[in-house]
């Protein structure tokens, strides 16, 4: 037992030494402990992939003196992560990778006692748009076909998603309201499961982030019909947006990093610098393009305003959903 | 054993009732067109648990289970002592984690168990209870990059030195 | 032919000195990570993913495959030697592995587990190589009703698992299922069963919390109480010659279980929603049904170790299939590997198999090699594991408690879960005293969260009409077989019970 531990330690130690921990920029404050890098989703989801990508970039370029340690806390639509970060006993070493459940979960569960404005803004790494997909064998090729088909099936058209109150269900609810659609909605436990059941034609359509459907799109299995972004997406230039259809609506999933409530200003400045460096790295910029994320860089005070705006928007959207 | 079995069944029946009551916060019926409601699954399963407790009580009354025919005490004095010393030791260990860190807790628990319960020599007990947490530290924090609780802030100086070694 | 060339190429790459070293380090590491209660291949792969950016991608893949295999082998080690299943896939291994260890035949159990794992992994690799694209379409044809039918089939194998006390067994199954429902209702998104209104319950109760509580604390307390803290190690010393003799015996007595586990495990494993746990459980059940002496099961049957071990290794390899052919992770470990592929610049999805042939076959080639390395290294370490068992119980017991608590924390990173583990442990001690079988609860907490959502998704699909489970071409036959298996023993029991009840009275 001891033997192997030493080998392992030696191995990791050697790789650490080989890349010598030299800080890229001088700093007053530096982490003294491993950084608790909380992810608001289970292993393997979109948010998890992004978090691990960020961790990999930080590790590869040796940007931190202490490692970012990914910590998946996906339970309860992110409630688990929010509670964990909200009650962190070392806020200077606790950061959170968020998605939109950062806004919706505290709204839907007021008893958690989470006020997101107490969290510390760190960086907005990008926003992820949503696209409506159908299977190529469905015979649907345009959004008009889709609307006609759903209306014809009168409540029997089946869509899958990640659950009531989740990002995709908000988009579907808006779309149903705007086009008077009666859709049967099946909740799944993750974007991967949804994509798989669309590929197997267990369900007829989904609203997904492009990253989750990209493989099937490139193989020709999925057909994008409509984008919920402000402008047409560079990767899908032929797909119209719902704005072009005359509805003033767009919806993005935020991919942001925030600090725990009560983080010191020095620590916040350190993480803001760190994630600016990561944001500007070629790796991250390449990731934004390949996964069709939109950049939406903001400084700390802009982020707080953005949060307030999003909370208000989601309040209205959830109210419309009847939550 | 005889009384114990009935008490256990009774306690588990109460637990089942509590779970049923808690499940009924969500709809427990069959909603037409959509299938069972959100509370149906746990509610009806808890109901089966309750029925099983009654069956157990019935079997007890008929003397069908080994425990219901046994006049031995559930735990004799030695049994109680070992349960309290070992179980209590574990509870103490977990409580200590939040105060003197995971590794401190491990050291104290191991020493308590080896020296006090296991009656091993002082040297052996001390060696094992010091070497184990240090080995585990390098395994978890160094190799696996899993951060364990470091307890109250007064342990920070120790951890800062250790982290400087591994990172 | 192309495929075989690429595969051979992948194997040759794995055999280069640097890569071979990676495999040996990776397997050894994986073995100990897997043997640690609470840690499994997912930890090994996740932690070493960033490290792999420092070596060429082909070596990185090989390294990860080696850790993956090592951890799968390691899972059996803690099941057999400590009696604590380190992962849900290894629960079924404790049923017969632990009794064997108690009889002083731990080495036989460990050798059986290693050999069965090797065969399972190899069979899965071969099936994978020959039929990957075909099997991918099978995986896609499994929607919610099919998965639920499969879960029913897994539950059917429960019937034979419990003790003699039927009400207590049913209680245990239902208890596990209800615990699995704690947290959130996936369908309505509403919080559910937040017991005593502790926010800690919002995240649900994980398998590991219950398993470590029951086995790592409850069983240990029970053993201390039963043996008055005086467990004399009956385990004989272990030599390489002994390993060879055990290997012979394992082959003779465990081939049937191995064969069942390898095939069944693979087919259940390729279904993204199901995974290795139902696979290993069902293999155990089937091995018991077809066995000539089913009464041996649970008391140290070699087939009872071989079947679940062959199955979980085969299923874990099988779970690579939906990831590589469809880009859909079938398990947390493959999810992390998938993330790694994105970082390496590969696009997961159906095109991967076509566009990145070299990567895919290189990976599968390294699976073959890693599997061989894993079985050899595992066999070589068996004397070390046996040596651990020979430690005085008053040293071993506190070590197990420490590993359980520390490993449990490493898995959940939440003190709440540790307290819950202690509560389950003490509760399990008393339930164990009164002959409540606890293994069904531990397995039910894994299967429940798959069964309930798929049941309700299916009923949503059919607008509440339960006939959906019988009318779909794949789901129908599975459901019927499952129901027969569930009710057959019940009928038998009812017919037999009047006769049986006379016995104790007389």
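The first chain written gets the first letter, and so on, giving A, B and C; residue counts start at 1 in each chain.
Keep in mind that, in the parts below, a residue touches a chain if its C-beta (ideal position, glycine included) is under 8 Å from a C-beta of that chain, and two chains touch if they have at least 3 such contacts.
Because the structure is a prediction, the values reported are computed rather than measured.
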Most distant chain from subunit C by Cα centroid
A
State which chain is most central when centres are taken as means of Cα atoms.
C
Comparing A-B with A-C, the one with more C-beta contacts is A-C
I'd like the Å distance between the centres of subunit B and subunit C, where a centre is the mean of that chain's Cα atoms.
22
Whole-Å gap separating subunit A and subunit B, where each centre is the average of the chain's CA atoms
35
Whole-Å separation of chain centres (CA-atom averages), subunit A against subunit C
31
Multi-chain contacts in subunit C, i.e. residues touching at least two other chains, fall at 187-188, 413, 460, 463
Multi-chain touching residues of subunit B, meaning two or more other chains, are 143, 145-147
Touching two or more other chains - residue numbers and ranges from subunit A:
5, 8, 12
Of subunit C, residues touching subunit A in the complex:
25, 28-29, 31-32, 42, 46, 49-51, 53-54, 139-144, 183-184, 186-189, 191, 199, 202-204, 272-273, 322, 326-329, 332, 334-336, 338-340, 342-343, 345, 347-352, 384, 388, 413-414, 453, 457, 460-461, 463
Spell out the part of subunit A that touches subunit B in their complex, as residue ranges.
2, 5, 8-9, 12-13, 16, 21, 32-34, 36, 65-67, 69
Over in the complex, which subunit B residues touch subunit C? Could you list them?
1, 4-5, 8, 12, 19, 22-23, 25-26, 30-39, 41-42, 45-46, 48-49, 51-53, 55-56, 59, 63-67, 74-75, 78-79, 82-83, 86-87, 90-91, 93-94, 97-98, 102, 106, 109-110, 113-114, 117-120, 128, 132, 136, 140, 143-149
List the residues on subunit B that touch subunit A in their complex, please.
135, 138-139, 141-143, 145-147, 150, 156, 159-160, 163, 166-167
If we count contacts the way the header does, which residues on subunit A are in touch with subunit C in the complex?
1, 4-5, 7-8, 11-12, 15, 18-19, 42-45, 48-49, 52-53, 55-56, 59-60, 70-71, 73, 75-77, 79-80, 83-84, 108-109, 112, 158, 163-166, 184, 186-189, 192-193, 195-197, 199-200, 202, 214-216, 218-219, 221, 290-291
